[in-house]
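Following this line, the structures themselves.
Two complexes follow with chain A in common, the first pairing it with chain B and the second with chain C.
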Partner chain A sequence: MIIKLFKLIFILFFINFSIFSAFAENKKVEEISKNLRCLICQGQSVYDSNSEFALSVKILISEKLISGSTESEIYDFLKSKYGDWIVYEPEFNKSTLLLWILPLFLFIFGGLLIVRKVIINRSIK
Partner chain B sequence: MLNLIGNYSLVLALTISIIIIFLSFKTFKSKENITFNIFFIISSQFFLICISFLTLLLAFVYSDFSNLAVYFNSHSSKPLFYKISGTWGNHEGSLLLWLLVLSLFNLIFYIKSKKLLNAFRSLTIFFQQIIILGFLLFIFFTSNPFQLVIPTPIEGLGLNPILQDPALAIHPPILYLGYVGSSIIFSSSLSALVCNYVNKEWASDIKKWTLISWIFLTVGIMLGSIWAYYELGWGGFWFWDPVENVSLMPWLCLTALLHCTSVLKKRLNLKSWTIILAISTFILSMSGTFLVRSGILNSVHTFANDPERGLFILIFLTFLILISLIIYFKHNNFNQENKSFIFSKESAIVINNWFMMYFLSVVLIGTVYPIFLEAITNEKISVGPPYFNQLIIPFLIPFLIIMALGPKLEWIKNKKVRVKLTKIILFVLSIFISYLIVRHFSTKVLYLTILISPSLYLFFISVIDLNDEKLKLSQKLSHFGFSILIVSIILNSLFSEEVSVNLKKGEERQLSNYLLKFKNITKTEIDNFTSLKAEIHVIQNNKELKFYPELRLYKVPETITSEADIKTNLFNDNLVVVNYLKDTDYLNIRYQKKPFMLLIWISAILLAIGGMIGLRKDFK
Partner chain C sequence: MKIKLQFIFVFLIIIFVLSIFFKSLFENKNYIPEKIINKLDNQSITEFYSSKNYKLKDLFSPEEYIILNIWASWCVPCRQEHLHITNLSVVDNLKVVGLNYKDKKNNAGKFLSDLGNPYDIILIDKNGTESIFLGAYGVPETFLIDSELNILKKYIGPINLEDELEIKKLIK
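So, the complex of A and B:
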C-alpha cells in the first residue's frame, strides 16, 4: 500500500517535473529562436516563421537543449553551420569592433564639442 | 494613347525644368524681382507632372496592360481601391509621385515665400529645380512608367497581396510628403547660405517646412508600423528592419532640426549646426530612397528593388552632397554667436540634439555597417534588435530626464537654479511606482526600475505641464504624446505574453494559463482571393474570447497572407494569428496579449497633432 502510494507520488512528481522542464525548455527555445534570422524568409526571425527551415531549426534547438547543450554552444553550432548572418545580435570581435564602438565614440565626440562651445562662450564674457 | 500623353508631359516638364533653372539663376544674378513669368512656368510644370501622374492613374484604373508598369503590378480582378493605390505601389509610379510632390512643394514655396528676400527665393527655386531635374532624368532613363508592351497582354501579373491593405495604400504617399518636404529645407538652407540669409526670418520660414515634413513622416512611419503589426502576422510593430530604420533616420534628424530652429529663431545661435541638420535630413531621405530602391537591403520590404537603378541615385546623391559641401565650406562665415547660458532652454535643446544625433548614429551605423562589412571582407553579419536595444535604451534614461526638465527653462537665465519640491516628489514617486510595477520580475528588478522611472517621470511632468500657461500648446502636446509613447512601448515589451501551438480543427490544448480551442474553419470566395476564416476560442480564468483570424489565398500572384484578428481596448490588445503549415491539416495558432498597443498609436497621433497646432500658429 505504502509502496503504491510512493509510486503514485513519484509518478505525479515526475509528471509535474517533466511538464515543468518542458515549459522552461520551451521558454529557452523561444528566447534563442527570437535571436535567429530565418534564412529563407524576408526579415523574419526563426521564432516568428513557420517555414520548414525555421521549424527544423526550432526542433534542433530543443533537441540540443535536451541533450544538455548550453545556449552559447547552440549559437556556436548554428554559426559554424550557417555563418554569423543567422544571429541577430552581432558578436563583439575584430570585424564588428567599429559597429559597437563608433556610436559611443561619436557620442563622446559630440559631448566634447558642446563642452568646447561652452568654454568658448565663457571666454567671450 | 494614355501612355503617349503621360510621356510627352514628362518631356515637356523636363524642358521647363531646364528653363526654370536658367531663369531662376538669371534673376538671382541680376537681383531683379521674380517676375510673373516664373510663377506661370512653375505652375505649368506642376500641371504637366500632374497630367502625367493622372494618366498613369487612369492606366491603372482602366487596367491598360499595354503599359509595362500596369502589366507587372496590376490585375483586372483587383478592387478599384487597390488599382488606384497600385499606382504608387511600384517603383516607377512611386517615383512619379515623388516628382509630383517635389513640384507641388516647389509651387507652394514660391507662393508662400513672397515676403522673403528675392535673391533667396530665386536661388531656392534653382536648387529645388536641380533636384526635380535629377528625378526627371532618373525617371526618364531608368524607370519610365510609360513603357509599352507589344503586343498588349490580356491580363496583368497582379500586385503583391501583402501590399493590398488600406494602411499600406496610403502609407507611401504620406511618407513621401515627409521625405520630399525635406527637399525644400535642403534647397532653402543652401540658398540661405549663399545669400547670407541665415536669420530669424529664414528660421521661421524653415520651421514651417520642418514641421510639415515632420508631421507627414511621423504619420507615415506610424501607418507603416500599424500595417506591420496586423499584416505581417507576428504581432510586433517595430523590427529594426533596415527599411524602417531608413525612415527613422530623417525623422530623428528632423526632430533635432525642429528644436534647433527655435534656438535660431529666438537667439540667433547654432546657425551652422541648423544648416548641417537641414542638409543631412534631405541627404538621409535620398539615401533612404537609394537603399530601398537599390535592393542592397535585405528586409521585409524587398519587394521594391532593382540593383541597376541604385547606381543612378548614388551618382545623383554624391552630386548633391558635393554641391552642399562646397557651398557649406565656401559660405560658412558666421560671425560670433550670442552668448548662451548654461542652465537655459538653449542648452536643453543642444543636449536634445546631442542625444538625437547619437540615436541617429546608432541607427545609421547599425543599418549600413553590415553592407560595408560584406563589401569589404565578404563577411555577412546581421544587426538586429539586440544591438539597437543595447545601445539605445541606456541612453534613453538621461535623455528622458532632460526632456522632462528642459521645456521649463528660460532662454536667458541667471545662474541660480531653483529645484522645486514637486519635481523631487514626482521623481521619488516615479521610482516607487516603477518598483511596484516590476517587483514580480525576480531577476531584473533594479535594471527595470531604473529604466521605467525616468519614462514615468517624464509622463508625470508632461501631464502637469499641460496646465502651464507659459508653454506652447504644440510643444506640451507633443511632449505629452512622446511620454505616453515611451511608457507604452516599454510596458508593452515587458508585459506582452504569447503562446503558440499547432492544432487541427476540433482540437484543443492547454498552454500555461490559456486554453486554446480550434473550433471551426470556413471557406469563402471573395473578389480576388479565397478566404479561410478560422474560429479560435481562448479561455483564461473562465473568460472565453472568440477570434476569427483569416488566411487569404491569392491566385495572382500565388501567395498566402495572414490577417490577424485583433480585439482592442485602451489598455490591452488580444490577438490571434493563424499560419498555414505546409502539407498538413494543422494550423499554427498564435495567441498574443499585448498591453498598451492602442496607446502607442494614440500617442503617435498626439505627436502629429502637436505638430499641426504648431504649424497653424506659425502660419498665422
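So, the complex of A and C:
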C-alpha cells in the first residue's frame, strides 16, 4: 500500500516537473519573441504575430534554447540574418549615438533651465 | 519685437515638423532585409523524396551556379513565377534547387505534377527554420549563389521576366 502511494507521488511529481520545465522554457521563448519585430506583419512583435515567419522564429528560438544558446546569442544570430532592425532595442553604435545621447542631453538641458529659473526667482525675492 | 521673433521661431519649427511628416507620408516604411548576409552557411538540409541530408556545398558541380528557390504549394505567387523558374531550369551552367517551405508532401507533389517539376533537386523546410538560416522570411524567395555559397543576387517575392533575363546575364 505504502509502496503504491510512493509510486503515485513519484509519478505525480514527475508529471508536475515536466510540465513546469516546459512552462519555464515557453516563458523564455515568450520573453525573447516579445523583443523581436516580425518582418511579415511589420508593427507586430514576433510574439504577437501568427504569420508563418513568426511561428518559425518561435520554433527556432525554442530549438536554440534547448541546444543551450543564451538569449543574447539568439539576438545576435537573428541580427546577423536580418539586420539590427529585427530587435526592438537599437544597438549602441556610431549611427545610433545621437538616438541614445539626445534624450539625456535634453533632460540635462531642461533641468538646467529649471534650476536657472528657480535661482532667478529666489534672487528676485 | 521680442514677441514677434518668438512667434517667427515657433512658426518655423511647426513648418519644419509638418514638412517632415508630409514627406514621410509618401515613403515606404516597410523594412526589407535586402543585403544583410553575403554568404550562406554550409548547412545541411533534408531532401524531399529520399529524406537524405545534403550539405549545400555538395549540391554544386564545379563552375556551376545555383538558383535556390523557396516555394510552397499553398503560395499563390509561386504559381506565377513557376514559368520563369522552368525557363531557368534549361540553362546550361545553372542548377535549380527548390526548397519546399512548410508544406504537406501530398500537396507539394500535386503542385509539381500539375505545373511540372523544374527542380534538379528539392529540399524540405518542414518548420521554416532552414529558411531563417538562409536569411529568408517568406515565400517565394530566390537566391542566385555561386559554388562558394556567395549570394550574387536575392529576389524577395516572385521573379518576373526581367529577373529571369538578369539571372541569365549574371551567370554568363
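By our rule, the second predicted complex is superposed on the first by the 102 of 125 C-alpha atoms of A that agree within 3 Å, B and C clash if a C-alpha of one lies under 4 Å from a C-alpha of the other, contacts with A are read in each partner's own complex, and residues count from 1 in each chain.
Criterion: a contact is a pair of C-beta atoms (placed from the backbone, for glycine too) under 8 Å apart; a residue touches a chain by one contact, two chains touch by 3 or more.
Everything quoted here is computed from the prediction, not taken from an experiment.
Q: Between chain B (first) and chain C (second), which, if any, makes contact with A:I40: first, second, both or neither?
A: Second partner only, chain C.
Q: Just chain B (first), just chain C (second), both, or neither: which does A:G83 touch?
A: both
Q: Given the touch rule stated above, what does A:D48 touch, chain B (first), chain C (second), both, or neither?
A: Only chain B is touched by A:D48; chain C is not.
Q: Quick check for you: in the superposed arrangement, does A:V118 touch first (chain B), second (chain C), both or neither?
A: The answer is first: A:V118 touches chain B but not chain C.
Q: Which chain makes contact with more of the residues of chain A, chain B or else chain C?
A: B
Q: Would you sort A:F107 into first (chain B), second (chain C), both or neither based on which partner it touches?
A: It touches chain B, and chain C stays clear.
Q: Applying the touch criterion given at the start, work out whether A:T96 contacts chain B, chain C, both or neither, answering first, second, both or neither.
A: The first partner, chain B, only.
Q: From the superposed pair, tell me which chain A residues show up as contacts to chain B and also as contacts to chain C.
A: In the superposed arrangement, which is not itself an observed complex, chain A uses residues 37, 42, 52, 83, 85 for both chain B and chain C.
Q: Which residues of chain C touch chain A in the complex?
A: Going by the criterion above, the answer is residues 29-31, 33, 36-37, 101-102, 127-129, 131-133, 135, 137-139.
Q: Can you check the complex and tell me which residues of chain A touch chain C?
A: By the definition above, chain A touches chain C via 37, 39-40, 42, 52-53, 55-57, 59-60, 63, 78, 80-83, 85.
Q: Can you tell me which positions in chain B touch chain A when the two form their complex?
A: Going by the criterion above, the answer is residues 234, 239, 241, 298-302, 336, 339-340, 342, 350-351, 354, 357-358, 361-362, 365-366, 369, 373, 377, 379-387, 391, 395, 512, 579-582, 588.
Q: State the interface residues of chain A toward chain B in the complex, per the touch definition above.
A: 23, 35, 37, 42-45, 48, 50, 52, 83-91, 95-96, 98-100, 102-104, 106-107, 110-111, 114, 117-118, 121, 124-125
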